[in-house]
Structure formats: C-alpha cells, structure tokens
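For reference, the structure discussed in these notes is given below.
Labels run A, B, C and D following the written order; every chain starts at residue 1.
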Amino acid sequence: MSPGSDFDKLYEDMERSHVKPLWTAEAKILPTSPHPRAVPWLWKWSQVHSLASRAGDLVTIEHGGDRRAISLANPGLGGQPYATPTLWAAIQWLNGREVEPAHRHTAQAVRFMLEGKGAYSTVQGDKIYLERGDFAINPPWFWHDHGSESSGPAVWMDGLDIPLNNYLDASFFETSRNEKQDVTAVIDGSLLKYGCGQLRPAWEEPVQEYSPLSTYKWEATERALTNLAKVDASPFDDVALEYTNPHTGRPVMDTITAWIQMLRPGIHTRAHRQVNSAVYHVFEGKGATVIGGVRFDWEQGDMFVIPSWAYHEHINGSKSDRAILFSIQDTPVLKALGKYREEALAANNGHQAVKESFDAAKALAFV
Amino acid sequence: MSPGSDFDKLYEDMERSHVKPLWTAEAKILPTSPHPRAVPWLWKWSQVHSLASRAGDLVTIEHGGDRRAISLANPGLGGQPYATPTLWAAIQWLNGREVEPAHRHTAQAVRFMLEGKGAYSTVQGDKIYLERGDFAINPPWFWHDHGSESSGPAVWMDGLDIPLNNYLDASFFETSRNEKQDVTAVIDGSLLKYGCGQLRPAWEEPVQEYSPLSTYKWEATERALTNLAKVDASPFDDVALEYTNPHTGRPVMDTITAWIQMLRPGIHTRAHRQVNSAVYHVFEGKGATVIGGVRFDWEQGDMFVIPSWAYHEHINGSKSDRAILFSIQDTPVLKALGKYREEALAANNGHQAVKESFDAAKALAFV
Amino acid sequence: MSPGSDFDKLYEDMERSHVKPLWTAEAKILPTSPHPRAVPWLWKWSQVHSLASRAGDLVTIEHGGDRRAISLANPGLGGQPYATPTLWAAIQWLNGREVEPAHRHTAQAVRFMLEGKGAYSTVQGDKIYLERGDFAINPPWFWHDHGSESSGPAVWMDGLDIPLNNYLDASFFETSRNEKQDVTAVIDGSLLKYGCGQLRPAWEEPVQEYSPLSTYKWEATERALTNLAKVDASPFDDVALEYTNPHTGRPVMDTITAWIQMLRPGIHTRAHRQVNSAVYHVFEGKGATVIGGVRFDWEQGDMFVIPSWAYHEHINGSKSDRAILFSIQDTPVLKALGKYREEALAANNGHQAVKESFDAAKALAFV
Amino acid sequence: MSPGSDFDKLYEDMERSHVKPLWTAEAKILPTSPHPRAVPWLWKWSQVHSLASRAGDLVTIEHGGDRRAISLANPGLGGQPYATPTLWAAIQWLNGREVEPAHRHTAQAVRFMLEGKGAYSTVQGDKIYLERGDFAINPPWFWHDHGSESSGPAVWMDGLDIPLNNYLDASFFETSRNEKQDVTAVIDGSLLKYGCGQLRPAWEEPVQEYSPLSTYKWEATERALTNLAKVDASPFDDVALEYTNPHTGRPVMDTITAWIQMLRPGIHTRAHRQVNSAVYHVFEGKGATVIGGVRFDWEQGDMFVIPSWAYHEHINGSKSDRAILFSIQDTPVLKALGKYREEALAANNGHQAVKESFDAAKALAFV
C-alpha cells in the first residue's frame, strides 16, 4: 500500500470522527496577516435614499417588522445583511406621525440623525428629540420606541453590533406589550442632567456600563470640531473627535465607538491601517478616501466601509469648504480583547499609490 | 513593693526605650468615632477681602514670596495655616499688571476665580484667561505662572493639598529660572481641545493622571446648573455638580475634588455627614449652613469649613434668588484609601436641632 | 400593477444596490434568544488518541506544518475546523526527540499536558518542562517552540482563539529563522519567579496584559482542588477553580479562560446556562454531562462541547472516585463586551429532563 | 508711621481673623524636598522583648485594654506612639490560654507572627492558626479576636494605619458583646479556599476591597523566596517579595503593603530612596542598613524605621547565612494619591558615605 493511501485513510477516519488536521489548513486559519472577507465598498446616497423613500411609500411599519430599516450588505460577506463582520449599518425611514413600537435587544446600538423635524426616541423612559447631526445611543436591553410628531419623514443612520452579537450567540430580543413607553423623565432629561461632560451630578456614582448621556447634540459637536481645529489635528484623520461616556472617558458602547471628523478644506491625510472595521457616512462635503489603493469618491450622504488592515487616507477635494464624516467602528472590541494594532504607511510620504477609482459594477467581478 | 511601683518602673523603662503601651492610649488613638481637631468655622468676606486688599497695597510680590495669598487658619489646628487637616485654602490677590513668577510643586492645586479682568494663568505652557466663576486646575509638578493684563486687581480662591502633602513628607518645590514660561500652545488651548467633555480627540489615549481640561468656564458651569435643576437634585446638597476629568470621570485631582452647588430659592436641605473635610466659598446669595447643631449664616464671599463627620444642612434664605456655593473637598483621599463613610440624619425629618448661631468671638473660647 | 410587483421591484433594486430590508430578516438576525450553530458534541478519547497516534507515525513535522495537531470540528459549524465559534481545540502529538520549530501568532493559546515525559516548551526565551496535568499559557505574539527530550511521545490539549481571531480579521503569524529560541531565562524561570500567586517580586509593576506565570503545575493545582473541597463548592460546577493571572486576578488570557473542576464522588450538580461556549476534557474519572436535555456519558480523555445558552449539569457516576474536568471557555470575551448572562434552571429541582443519550451517528442526522 | 508698623498691623489683624500670610511661611509649608519629622531609628529586640514579657507578667488583658501591645514611638514625632507619620507598629504579647476579646475598627491591620504555638486569630468568623513567619491581615471593620490554645506565650508584630486613620479623622471602633466570635467557616477556611494564589474559586467574583486570603503561611513564603533567589533579585532590595491580594494583584490593604526580603549571604545592596515610610523587623540574620548616611547594625528581632526620602541600603554581614527582613510600608497611600517618587543614588557606585553608626543615646540629642 502506498504512503498516500495511508494518508487518505487517516484523513477519511478523521473526517468521520469530526476532527481536522491542522497541517492542511494552517496557512488558511493562521494567516500571516488579516485577509478580510469584507471588501471596501461605497453606497451612493442617491440610491440608498431613494430605496428608503420607496420603502416609506410601500412598506407599513407592520409589514416592516417594527422598524423600517435597510442595511448595507457588504458584497464580500456572502449575502449577509452586514456592513462588516461585526457591524450592521442601516438607514431608517420614519414617515410623518408614525410610531415604531417599543422593543429591546442585547445588540448595542447608536443612531445618527440625518433628516426630519419632530422625531423623538424614548429610551428607557427618557424621551429625546433628535435633529440633523444629533448622535444618540441605545444601551443594550434598554426599551426604546421612536416616533415623529411632524408631518414629514425622519431619516437616520443606525449602527448596531448585530453581526457580532449573533457570532457570539448572545442575541436576546423582546417586544413590549405597550407600543409606547411611559415617559418617566423630563423631556431631554439625560441631556439636561449629563450634557456638560465635565460636570457630574455630585451625589451619583459614575455610570460605568454605558454612557448616561443619551444624546450628543449637533450644536455642541460642531462647536467642539471648530474649537479643536484651532488647536490640533491628526495627520491621519485630521480634526477627529470620538464620542465618549463622560463618566468614564470610554467609548459610548462596549462594542461600538463613534467618531465625527472634520476634514479641513484641501486636506489630504496620510495613510494608516488598523485591525478594526468601520462604516462611514458623509455628513457634509465632497471628497475621496483611498482604501487599499482604490480611490472612493464621495459626496454628502454616501456611506463606505473600511475593512480591517486596509490602508486608508482621506481627501477633502474642496479648497473652501469643510467635509464632515461620521463613522462607527468596532475598535473597542479589538482593544478589549488584546487584538488592536495600527501602522502608518511609511513609503511615498505616507500616501498610497492609487491604482484605480472605485466602480461598483467592476468591483463586483472580484468579490 | 507595691504593684504600682512595678508598673511605674515598666512605664519608665518603656519611655526610655521609645515604646508606648497601647492600653493607656487606646481610647485616644482608637476612638469609637472621629474627633476632629479642626472645628467648623466661618470667615467673613468683608474681613478677608479687606486684609487681602491691604496686602495688595503693602506687600510686593518679592516680599510676598512669589504669591500674595492669605490662607484660612482653622482655630482648631493649633496655629497652623491650614483650613482642615488636609486642605489649604487661600485668597490670592494680584494687582493690575503684576506677574507672579513660574514655579512648580507636588502639592495639587485648584483655583476658583472671583474678581478681576484680564487675569491669566499659564500652566505647563498652556495660557488661559480666567474670569469670575471660572474653575482651573494645576496638576502636580506642572509649571505655572500668573499675571494680570488689566489695570485692576484679580482675586481668586486657591485650594491646595499642602497639609496632606507635608503630612506625607511628599513636598517638592522648584522655582523657574524664567519668570514667565513660554506659551507653547494656542491661547486657551486646553479649553478648545478638551472643552466638550463628551467628545475626545480621537487619536489620543485618555489622560489618566489629571484632567486634560485645565479650565472650566463659568458660562458652561452655570448652564449645567440651570439644566440640572430642571431634572434632578440631591436632598442633602440640592443642585450639586462635581467637576470631573472628562477622560476618566474621576475628580480633577487625586486628592482634591471640587463642587459647585446651586441652592434653589427657599431650599432647606436634609442633614448628613461624611468622613471627609470641606472648605466652602459662597459665590452668590445669602443663607445659612447648620454644622454640628450650630447655625453659620453666610453671604456672598464668605468661606466656611465643615470638618469630618459633622452633620450639616444648607438653607437658602431667599424665596426668590438662588445661592451658589463652591467647595473643595478631600473626598478622593478617603475613597482611595478605603475610609469614606456617609450617614443621613434620621431624626427630626432630617434636620438638626439648632443650639446656637456661630459667633467667632464666643466660639474661640471652646477651641 | 399589483402591490406585490412594486415590492418585488423594490427588493430587486435593493439587491442590486447591496442593501437589505431589515423586516424580512428581523427574526433571523435579532432572535429572541441565542440559536447557536455549534452543537453539543462529544469526541471519544479512544478515537482521537488513535488518530493522533497514527498521525505521529505517518506525518513528519515538516509535512505537518510546524505542529502535529488535530482539532475538533463541531458538526454544526459547516466543516470548519473549530470546536465552537470562538474556540479552536486540538490534541497535539509530539514524538520522542522531536522539535517543533519556533513561531508566533496573535492567536491566544493555552495548553494542558496529558501524556509524556521530558517535553518542554520555550515561550519567549523561558523554557519550561511540562508533565501530566500541567497547564501552560502562550501570550499573543510570544515566540514558542516545543520539544521532547525523552524517547516517548508527548500529548497535550491545545486551546486557541483562532476562530475569533479570524472572525475579527486580526491574525498575524510569523515563523522564526531559528528552529529553537535561545533560552534566556533560568529553566522554569517563570515558575520560580511567579509560582506563588500571592507574593510578587516587589520591585516590578504587576504584569497586566497576560499572566507572568507561564505554567501552573499539577501538584499545586491538585492541592488547591483538595483544599477547596474541604471548604466550599458550587452547586452547578462543584469544586471548580479558574486559572488566573496572579498579578491581576483576571483570566490568563483576554479571550480564553481555563477551569479545572473536581466532581466529588456521587455528585450530581444543578443545571444552569450561560452566554458563552466551552470545550471540556475529561482528565480523570467517569461520568456524564446533560446538555440541552441530552446525556453525554464520558470517561477519561473524552472531550465535549457546551454551546452558548444550553443548560448543562454534571454527574460523577462513581460513588468512590473523583472525576476531574479541564475546560477552556470564551467567557472573558462575553464579559469584556457586555454580553455575558447566566441563568439557573428553576424547575425540577434544578435538573433537566433527559430525553436521550448522545449517539454521534444519530445526532449527525440533525445537524 | 513706618511701613513696618503697617505690616505689623496687617499681621495682627490677620491673626485676629484667623488667616495667615503665605509669604512668611512658604519655605516651611512648601519645602523644596521632604523634611520628615520622623527620624531613622532602631529598637533592640532584647529591650522590646523584655518589656513585652514584663508587661505579660504585670498587665492583665483587662488592664491592657483588650490588647497587650507596646508600640514603637518614633523620637521625632513629639511623643506620639507612632513609628512613622502613617504607621503604628507594635509587639503584641499573649500569655498561654489567654483570650483577647472581639473588637473591630476602621484602622487597617496586618500581623506577622514571631513566637509561640497554638495561637489563633478569628477574623470575621474565619479562625486561623498562626505560627512563626505567618503573615495575616485584618481588613477594616472586620471583627477579630485572638487567643492561645497552648500554655506558652505568643508574640507577634502588629502593623496598623492608626496614625493615618486619625489624621484623616476616620477612626471608628467597636467592642463586641461576645468575647469570642462564632467560628462560621472551616478552620483555616480562607487558606484552604484562596491559598493557591493563581487559582480562584470559579463561581465567585474576585474580591476587590481586601485580600480574601487572610493568612500567608511561612512555608509557602520561604519557598517563594528560595525560588525567586534562583532567578532574579533587585539591586536595591535583593530577593524581595510583596504580599498581594491574589484576586487583584494589589497590596493586601489600601494603606499598608508588606514585604518579605531575603538578603543573600554577603549582599550589599545599592542605595535608593522613596517618598514613603517603612518599619522593618529583622526576622532572621545579622547585618546592617545604612539610612541617610548612618549605619544601623541589626540582629534578629530588631526593628527599625526608614522615613520618607532617606537613602537606604542593606548589608548582610554574614558570608554564609541569609538574612530575612519583614517590613510594612505606606507605599499604597502615596501611589493612590499621586505622590510616590523614587530615586537611585548615582554617586559612589550607589553606596552612601557612612558618617557614623547609630547610637540611640547620642541620636536623641539631635531629635
């Protein structure tokens, strides 16, 4: 009998016993550096907004489960409705006077408001009004319902850790018997109580598990960006701020952090890469991001994904106007688990060689 | 020989050998509850201000060491220039156009601005302008110099842990060769960079050891008080906020925390007591604090001390105007060392029986 | 045109734009409780050992990559060589006098020694000898090589977070130019220096990122189990100890914790379940574990998996002999990310109704 | 009127108003480096032991309060019964069959056993037996009673933070109605449950506030010293181990840490100094410590104090025998409050110039 057939017999017996040899799989499961399945991608706002609007016309909340959200599906992830392996990102569309009933889940959630007037969220009895640029959080297992008190639609971006939550087999979900929660606090109570991050109600212990501040108003955020720009900036991300829990200084969620970034006119940042994944929304302006040597041109509303360990650099194409990027990132996961790394591009003055511009149709051929 | 004389001989021999029996001292050194040497006391602003002003006329900065500060000397502490066993509290007076030269020390320091225009502090190269109600910090071993760019005087309250620092034999002090530091940051740089407590420069690790925010402006503080009053308050301290390091949520210093408190019109809080000591400054309003059964009436500018484990409750005498109290407290010390306790007064609906009103002249008889 | 066709058109356009409606997927991606793909499973030692032994005969280290390991492949995970979604668990077989060359990886690793004499591991220059029952760790990115200095084989269990590391796109791997590292410390240096968990070299800061103790000897472990049994036990896990980093009290790795459990003679524990997954190895004894209502009978050497949120209870079938279970668990991941939950079974005095005994052949039909 | 008299008048008015000018006191209260009142000192065991023994004959427990302890009184501290500003250190003498009744206090306490058989401590219901070299802790506010079950005396060293506790006005003390506590745990329960520092009962959360391990047996401590000596040592403290809470890796108390140090035969360490104070007990051997240029010769049983910021180096005078030093230190206080510093002596190959040998009689002249 040839040695080959002994091997074959061994592998057959292994298969039957539900064990696998490491040596035939080592290069695949212990790669020398990350090989993400998720690909860099960009979704045009014109398309996404139009699809959300059409869903607003066609789909009632009942049809739409209890949320009318459409999520980014990274073409590298085999048809799953996920933007990156850990992050679910969606646009949610609420028609005027609509109410989305109360539910809760262990998935951790953040919201970034894009359009509309008179929209509110009630999170664990705390009702807050959200306007364009407001950032809001939804700690795990907190009841929340949304509604509109105006006649027009409200549109926002949702970021949840649904993929991670499912990967870890940690999903719990519950629908409330009551469509709307009782509002138990003064309107905008969290904002009034915790809205000045450096002053804390003196009789309370700091809140550790989640940010006690449920809403970060655009007005304060914009002022912070403007002020920071007078003093300092990152060579890689320009004027970049991370939303934090003011009671701990840590990210607002255990699994998701959120950034707001201003690219000053004409800025072209240096490239770097991290072990983490991110979903960006272009809140304002026009420019481009080079990811893994491919140039992704963007304008207001567009959304794009940067996968793990891909070099990226940002360009504000305008010489006169700022660009503003909002993003969600899974960095807290990587850091908590001892897996975060980052690296600046050394060559070529920190800029990637650009091979091509992103074209969704062509790109798909390679997925 | 009587047993007594054996005892006497033993005690004599102990004395000679520099050892002490516990049993003769146990009640004194292991008391059943705290017996602070520091006493509750109140200093009238009219007196303190007048003394500081006279020092402004008489004492030049050179004469005045490098700071023209006059400190509260708690009558219980045997003539030491300390407000409580751990806290040094002073009024500092700077004449127009004066400069206080750069020095640094391991004592931890906070400042609360009371009067004047055009006063600045430069702390480790970061120059900040301070106006009435602004709160500023000075981390240990940071160079700092102060000056006035206007013609009038500037007056502020200083809070330092000098007594603690000396008790622990931990004092280091150094005078700079340069009277004024080079200003290495944009003016008000710390404020611009860290002034929105819930948004942090995304590329920096949180600052752990001290608050990166060097100044807390009165405008934001007052807004925070007003907002908090719409939502919540403490039964013991009414609308009370603690200044915190936004990067950690912890007090601004390892040894000193600072509070700003608004007593709403007509408020009479319930009494409680803590293992800690505090020095109060009346920033605004007119009222009283009952400490250990003695009523201390106060008005704007007055300063008073609450020693450890003394019951205290606050009264805003006005039915129409708010009162505002600023205070420094050594609570972080007690908490870090596992020694903090607090207790609400249960009897009499939480109010102390008032035995008398404080009268400095009479009180001294008992010190 | 029917509403249906508008819907169809919308869904087609969504598909083309790489977005997905939430409402058609909500039940699947936001389930009311975890639905793990991984299944409870048991591998018989007789089979695994025989396969490893045959690999020892057939596969040289060069053929076997640099490690001769065969890993458990959970039948629920679609052919992936993973025991649970986060954990890779394998039996490694080293022939006498063999050397496995030095490499390093970001995957976090633990080892539990099962058979053999004279086997050593050199981890970042620290050479340690391992005998049956010894537990060893391999912090991320630490160089390590293994070898045998005797003529007989050495066999151990490996536990790594390879699946998690790949899921997070965080894998880095490097082969050393030198087959064997230089041994830079005294033999068993880590053990000598850190082996008494409650006494720390006084001049060093505690090691935070990983356990400075690289090996936990069986002798000390067994004594700890025996001692604990005299005092206390868990109703769910009986005499259970967690290996910890003595410098922090935390698990030995950021992503993996390890337990050693003694089931006293005749013990039948109560059932509970957690959001986490675990791989068990039967180090000693004979008994059974009921997982999700199915009884898994085990004896020495067998390995089994408990997926997330499955009720489980342990039975030591012997009235006279102890049973000892070693396990690796991903609990630190769940806790770090705010996702850990646990629940005791209330009904039936804490015991599950047993529906059947595990039979690998029959069970497969349901995978 | 001369300027002088204006000054005089100002100072008089300040005095009357209980405020003090900084400028006349600045050099004193803000010294350029620590000027401890506590002095380096050494107590001979022959004297201390003899005094304790005489107290054992003369003083009954009732006379002796509830503890027959004699404490070191640092001659620099003005007659207070304290070894350093923060530490109280004493020798406690228990006659055979005596019982010291249960009490509790907020002072934090450690014990180091020196002589005797059959002595026990019951700490919060956990009864432990102590023999020579055993180290035990007494967390704040835990009930404790001591007793002897043999006919001979038991002698140990006590270390408490009584001075600090009083300085902070944080002392609470309570006597139990019952002379002896009920023993609620298995004898030596803490030792059996937590005695292997790197293995923790898996179902419990780590104990944060104090070490769950109440006793550290000499046998394990000695083995740890012997093992460490094979691997590593500090140039300043030779083979030095810190007792730690195995659940956190931190010192056993918030305010006191304890060290055990082996000076190998012939060792002469290099000098360094720290902002902290320490009390040493010579457990074994003969040698000397140079403190601030003065040589303190010691032999078994002697005790000595190193004040803050004094250079010190240790000498084991024997070429053949080890010396062992036990010490308590207030380092955790300094570190928690941001006040710790240390510095190695650079000059003279790290050794101080020795000016003289300590002579208690002569030294007193300078106190």
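Going forward, contacts are C-beta pairs under 8 Å (C-beta built on N, C-alpha and C of every residue); 3 or more make two chains touch, one makes a residue touch a chain.
Worth saying up front: this structure is predicted, and the values here are computed from it rather than measured.
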>> From the C-alpha centres, identify the chain that is farthest from chain B.
In response: C
> Does the chain B and chain D pair touch with the same residues on each side or with different residues, judged by whether over half of the numbers are shared?
Replying inline: same
> Distance-wise, how many Å sit between the C-alpha centres of chain A and chain B, to the nearest whole number?
Replying inline: 44
>> Suppose each chain is reduced to the average of its Cα coordinates; what separation in Å results between chain B and chain D?
In response: 31
> Distance-wise, how many Å sit between the C-alpha centres of chain B and chain C, to the nearest whole number?
Replying inline: 54
> Tell me, which residues of chain C touch at least two other chains?
Replying inline: none
> Connecting every touching chain pair, does the picture come out as line, ring, star, complete or other?
Replying inline: ring
> Considering every pair of chains, which are in touch?
Replying inline: A-B, A-C, B-D, C-D
> Which part of chain D faces chain C closely enough to touch in the complex?
Replying inline: 185-186, 189, 191-193, 195-203, 206, 211, 213, 216, 220-221, 223-224, 227-228, 230-232, 234, 236-237, 240-250, 259-261
>> Going by the contact rule set out above, which residues of chain A touch chain C in the complex?
In response: 3, 6-7, 10, 13-14, 17-23, 25-27, 29-36, 38, 41, 43, 47-48, 51, 54-55, 58-59, 63-75, 81, 85-86, 88, 90, 105-108, 140, 162, 164-174, 209, 253-255, 275, 277, 307-309, 330, 333-334, 336-339, 341, 360
